[in-house]
Amino acid sequence: MQAAALEWMFDGVWDRSEHYAKRPERSERPILLAENITVKFGEIVAVDNVTVNVRQGELLAIIGPNGAGKTSLLNVISGFYKPVAGRVVFKGQDISRMPPHKRVELGISRTFQHSQLFLGMTVLDNIIVGLFPWRRTNTLAAAFWLRSARKWEEWARESVEHVIDLLELHEYRYRVVGSLSPGLQKRVDLARALVQNPEVVLMDEPMAGLTREEKEDLARAIIEVHETQGTTFVMVEHDLEVVTDIADRIIVMDSGRVIAEGEPEEVVHNPRVIHAYVGG
Amino acid sequence: MPAGVFKETYGEEIAIFRYPIHYAGAALGLLFALMLPILVGPYYMLLAVSFLIFLVGTVGLNITVGLAGLISLAHAALMGMGAYVTAFLAEKGVNILVAIPVAGLSAAALAFILALPSFRLKGYYLAMASLAAQFIIEYIFALIDPDQYVPIPDEAKYLGGIYLGRGLPLYYTTLAITIVSILTAVNLGRSILGRAMKAVRDNDVAAEVVGINVYYVKAIAFTIGGFYAGLAGGLYALYSSGIGWEGFTLEGSIEYLGMVLIGGPGRIVWGSFLGVLLVRTGWTLLESTLADLIVSYVAAALKYLILGGMIAGFIIFEPEGLIAVLRRFKEYLRLWPYSY
Amino acid sequence: MAQNTKYIALIVLVIVVVAAAAFMFFQKPGAGKEEAPEKLTVKIGVLTDETGPTSDVGISYAKGVLAALKYFNEKGITTKDGVKVELSWVKRDYAYNPTKAEEFYKEFRDKYGVIAVLGWGTADTEKLSDTIINDKIVYISASYSAKLTAKPYNFFVPPDYSTQACIAISWIASVKPGAKIALLYDHKVAYSRSPIDAIKAAAQQLGLEVVADVDLPLKATEADAERAVLQIVDKNPDYVWCGNTITSCSLAAKAMAKQGLNAIMISNVWGFDERSKDMIGPEGYGKAMGVSPFIYPAIARQQNIPGINLVLEAARAAGYSDTDVNLRFLQGFLSAWLLVQAIERVDSQALMDKGGEALKEVLEASCQGQAFDFQGLVAPARFCPGRHIASEQAYLVLLNENGEFELKGPQSAPEGIDCAQITIQAGG
Amino acid sequence: MVEANILVGALFQGFVLGLIYALIALGFNIIYRVSKSINFAHPALILLVGYVALVVSRQNGIAAGLIISLAVAALAGLVLEKSLAKPLIGKPPVALIGATLGAFYVIRGVTFIVGRFEAAALPLQSTYYSLGLLKVSTNDLVSMAVTGAGLLGLILLHNKTRIGSAIRAVAEDAEGAAGYGLPVSRLMTLSWILAGLTGALGGLALSLKAQVNPYLDFYAIKAFAASILAGLDSIGGVVLGGLALGLVEQLASIVLEPYLPGIGGHIAFFFLLLILLVKPYGLFGTERIERI
């Protein structure tokens, strides 16, 4: 008893496998379900009774014109918005009432349309902060830099180095993110999500504002993670070209509703989609 | 990063002393701190003691304000909490060296309660909540201390026959506690907790969404700040023959905030160091000089004008504080005479 | 890791060596005795509040202190055995912040080696009252709390608050036996609470009735004052004791006039002075008075009290106009004068050997010996060991119907009741 | 049981003080609307106004005191805007909080030079009138007139004039307002001057009710509580908040004073903390929607 208490105080136990749990195989089974979601801002209905079913291991894209409610839907899934109606289910568990940081701990990470990095911090620190839910030190251990704190730091650095390798951020490690280009900032944003080793990554317009080259780099990285680790991606995107290239499945939204759903090829040729994009 | 230094482990990279110059600097600094009583007279030694006490308090506020970005106007009240707890325990016969950490903990507990509004509030609202808290605590002090003076019994200030309340023992005791405080503060700053605080400061909305329990981090930042304030209060009780609540008023809290904002918010050690050196100790010295030179009311008005002007000026022109100015000056010297 | 250990070992070694050196360095042998020189310099610390919450009176008080120090210094001070003494003073404005007061006190003590401090209010005097015993530094202040009379190194010129209040009660009893008294004061402020127990005891003894005890905040608005007055109005008091400072006492006097309470308000020494005339206004004329151990300078000039000419001369010499010389100025002046008189009675050798302790001894020698005389401005002062109550005499100053200050008394403290002791025993 | 005359007197005085709190709180409100931050220099401004009025009216009469102190407050508002608010546009609100805290001290210093922190009463002859249980003095009437005029003037300016609606637009959405060609920068300056003027009127009334003393700013800090009760963006709510605070103070004094001496003077802070804990955006204030 006493030994356990001491261990908790001074030398938190850290099991690596906890963080690197093995992913299940890709399947038709839904991993994430957003059901009958409605979001309102005052009188404006941003999302109107939308149901989205995300399957295990897929790369799902949500597209649609501006104001279609895509980002709002993402915000509901990540817990930032409270929907007026509907629920969010992750791996069979209703997470509708869970605060955002808890959802991250469960395995839902996200990136942002406009850089939401911590601008005063270095790239390294920005990514490490993503590991906050998995910290295994308490305040006292941190204050005296006890073994648990040191070991955790090393573990965290290894994890970070892994994503730095993956996203080729080596030379920017010690740069303050405020001084980086938008493209690099997006990469850091993704790195921060990936270091959490999530089961589902929600991406909000990852390609917006990037050069063609940057888009290709980013797409390659996403595909690599998707294929090697079996991570599920839900991507809100504007750029149809990228989406049709990499998505397994596409959902099209307009004016807060889902207007089409299916394989990239069939969706792109759906007349309602063409109408919404071109005619709308 | 100086050339020719290579790190082999991640641990080395985030160590406090990373380069030989750090070791040399720390050793020299320590040597200076230890020899200070020899170098200066007893008055300056006591001034140094009061410098150290307020340094501990300011380091705490720098964690709350500088790292976590939570404006607190109740820091002097928290320091008062520490001082009163120490006085109470000393009265009960508890040794002051035991009482001081307890003072820190009780101030931390109070700070935790004060942090509750921060769960729902940010920025200006939090500043107002802490302002209200400052006045409420002041009021409670006035109720529990109707004589405006609580003596600290000398009997509590002994350690194995040595009286810690004055002279060298006072200086070295304060120095030791200050050094431990600073080291723990630095460790907290470089830990994941410290990084999470910075994240909350830079962008609390995003911090929540990327998995940081913002409430928890805010509460802990407030609590840690309170702990150091309480520690400073305890040290103050050691240094002083008695305490009165008039020493822990809003003016004290504003002065604390001024020390953080002028010195360098977010730079826990050096920012606080410069802030206290300039705003508190420097001012005391300047006041002593001015008092003989000019009419006293001008000097008195100057106190308000200069401190207020510096707080506003630094926020507008150099939000990173004096430390940033010094750093730029250092860079300039390093590159001199080639300015590029 | 090994490298770290090496550094740590090095640092520990340095610490040990330096600490040892420091301790050795500080074990200095005691300074040798010197022969009495032609001229002695006495260092004095002056603590003032010229910017803080009590600066409205602190500024004038500080002027008085400085004028006196300058004046006597130029006039020449000699000790009992004829050695010339020069005063050298250091003044600091601590703005009523006890933390600052302590810092400055330590500067006085350790940097300048003062043997006496001319202090100011509750915040600094109370806080330093224990420290000065160890340091043997005489502390003369304007905080007249009864508690301080039992402290060996605290002195002040007038009687303590409790004795002053009892004098007022005794005056009431002599003017209107069986009068009803209501008490208005801030229940949480030490200065305001200090004389209350003594007042109640004295009133009982003298056959007066305390009919109300109501809280009046020190930081009051008209609303607060009126509420307090409304609470005593139907108790029909004949006299109202206001134990606060001038702002809230004058508001109380106004509220009494407004609510038609036909009673006379008597204020504590800090609650009433020359400014009361304007602050209370015509409606309160004839209804307000203050306890004052000191003769107001304006009245002193009318009555040709000898001491006032000295004060005016000093004020002019220091560059102040005659209008600067008000009650607070006088209080400051007298505090410094007491110190000067003590120096004039001390033996130069004792002063050099024992510093503040020698001053304390001559101050306390007045218990049986000659009293300190202030040429009629305040009653002569005697200090007995363990009981530093300078005198038991004070005036009552009435703001009469014509808006002029009228001196009543001097009145003595009631017989057979030790007001200071009551306060000390009550712990306030 | 509390006697009727005490209750009537306290409620009336609470009402008069409530108007003063409301007017001072409106100063916070005006600044919040355009600068989205708290102006911590406002309490010091109240102090400055009190002393300027005192010093001037001693020499040249109360009317001159009134005019000069209004002018000084307007000037102070202008200087604060030009020196602090303008350079800090776009910075987080915390920056302006810190900067105005600095200004708080600077204005205190200036006040000290002006008035040496003496305690005195404004030279205004007081006459008393009796209305049954209630006694009213000239001070009460003048305070009510000054604060009432100030509040009414502001509400009219805000709701009925073009300047008022322009300021409202800037408060809602500064960028949008600029898009419609509104002189945003000039309107901001105007708002700060307006805040200074309301502060001056409130400060004058306060100087009558509490006399001029070095802790006048304490009452202005208490007015924070009034400004937050209804939410910082609702003008009508601020008036209600001020009145509520004035009454609560008096009632708390009567009821709780025997147990907690001096609670009346501090209840505002309990009030403030409670509101912030329970309903941080006030009773009528709107929660800002954040976007990412």
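Labels for the chains are A, B, C and D, by order of writing; each one numbers its residues from 1.
Criterion: a contact is a pair of C-beta atoms (placed from the backbone, for glycine too) under 8 Å apart; a residue touches a chain by one contact, two chains touch by 3 or more.
What you see is a predicted model; the values in this text were computed from it and never measured.
**Q** So which chains are sitting against subunit B and subunit C at once?
**A** Intersection of subunit B and subunit C contact lists gives D.
**Q** Could you name the chain whose Cα mean is nearest to the mean of all protein Cα atoms here?
**A** The chain sitting closest to the overall C-alpha centre is B.
**Q** Relative to subunit A, which chain's C-alpha centre is the most remote?
**A** Farthest chain from subunit A, going by C-alpha centroids: C.
**Q** Could you put a whole-Å number on the gap between the CA centroids of subunit A and subunit C?
**A** That pair's centroid distance is 70 Å.
**Q** Approximately how many whole Å separate the CA-defined centres of subunit C and subunit D?
**A** Subunit C and subunit D have C-alpha centres separated by 37 Å.
**Q** For subunit B and subunit D, let me know how many angstrom lie between their CA-based centres, rounded off.
**A** Centre separation, subunit B to subunit D: 33 Å.
**Q** Measure off the straight-line distance from the CA centroid of subunit A to the CA centroid of subunit D, and report it in whole Å.
**A** Each chain reduced to its C-alpha mean, subunit A and subunit D end up 47 Å apart.
**Q** Among the residues of subunit C, which ones contact at least 2 other chains?
**A** Each of 51, 59, 188 in subunit C touches at least two other chains.
**Q** Spell out, as numbers or ranges, the residues of subunit A touching 2 or more other chains.
**A** Correct list: 80, 112, 116.
**Q** Where does subunit B touch two or more other chains at once, residue-wise?
**A** 142-143, 205-206, 209, 297, 300-301, 303-304
**Q** Which of the residues in subunit B come into contact with subunit D in the complex?
**A** 69, 71, 116-117, 120-121, 123-125, 127-129, 131-133, 135-136, 139, 142-143, 205-206, 209, 254, 257-258, 261, 297-298, 300-305, 307-313, 315-316, 319
**Q** Which subunit C residues qualify as touching subunit D in the complex?
**A** Checking each residue of subunit C against subunit D gives 51-53, 55-56, 59, 186-188, 215, 217, 219-224, 226-227, 230-231, 233-234, 245-247, 250-251, 254, 257-260, 275, 278-279, 281-283.
**Q** In their shared complex, at which residues does subunit C touch subunit B?
**A** For subunit C paired with subunit B, touching residues are 7, 10-11, 14-15, 18-19, 21-23, 25-26, 48, 50-51, 59, 62, 90-93, 95-99, 102-103, 106-107, 109-111, 122-123, 126-131, 147, 188-190, 193, 427-428.
**Q** Given the complex with subunit C, which residues does subunit D contribute to the contact?
**A** 3, 5-6, 9-10, 13-14, 16-17, 112, 116-121, 123, 125-126, 128, 130, 135, 137, 139-140, 208-211, 213-215, 218-219, 246, 249-250, 253-254, 257, 261-262, 264-265
**Q** Once bound in the complex, which stretches of subunit D touch subunit B?
**A** It comes out as residues 32, 37-38, 40, 83-84, 87-88, 91-95, 97-110, 112-113, 116, 221, 224-225, 228, 260-262, 266, 269-270, 272-273, 276-277, 280, 290, 292.
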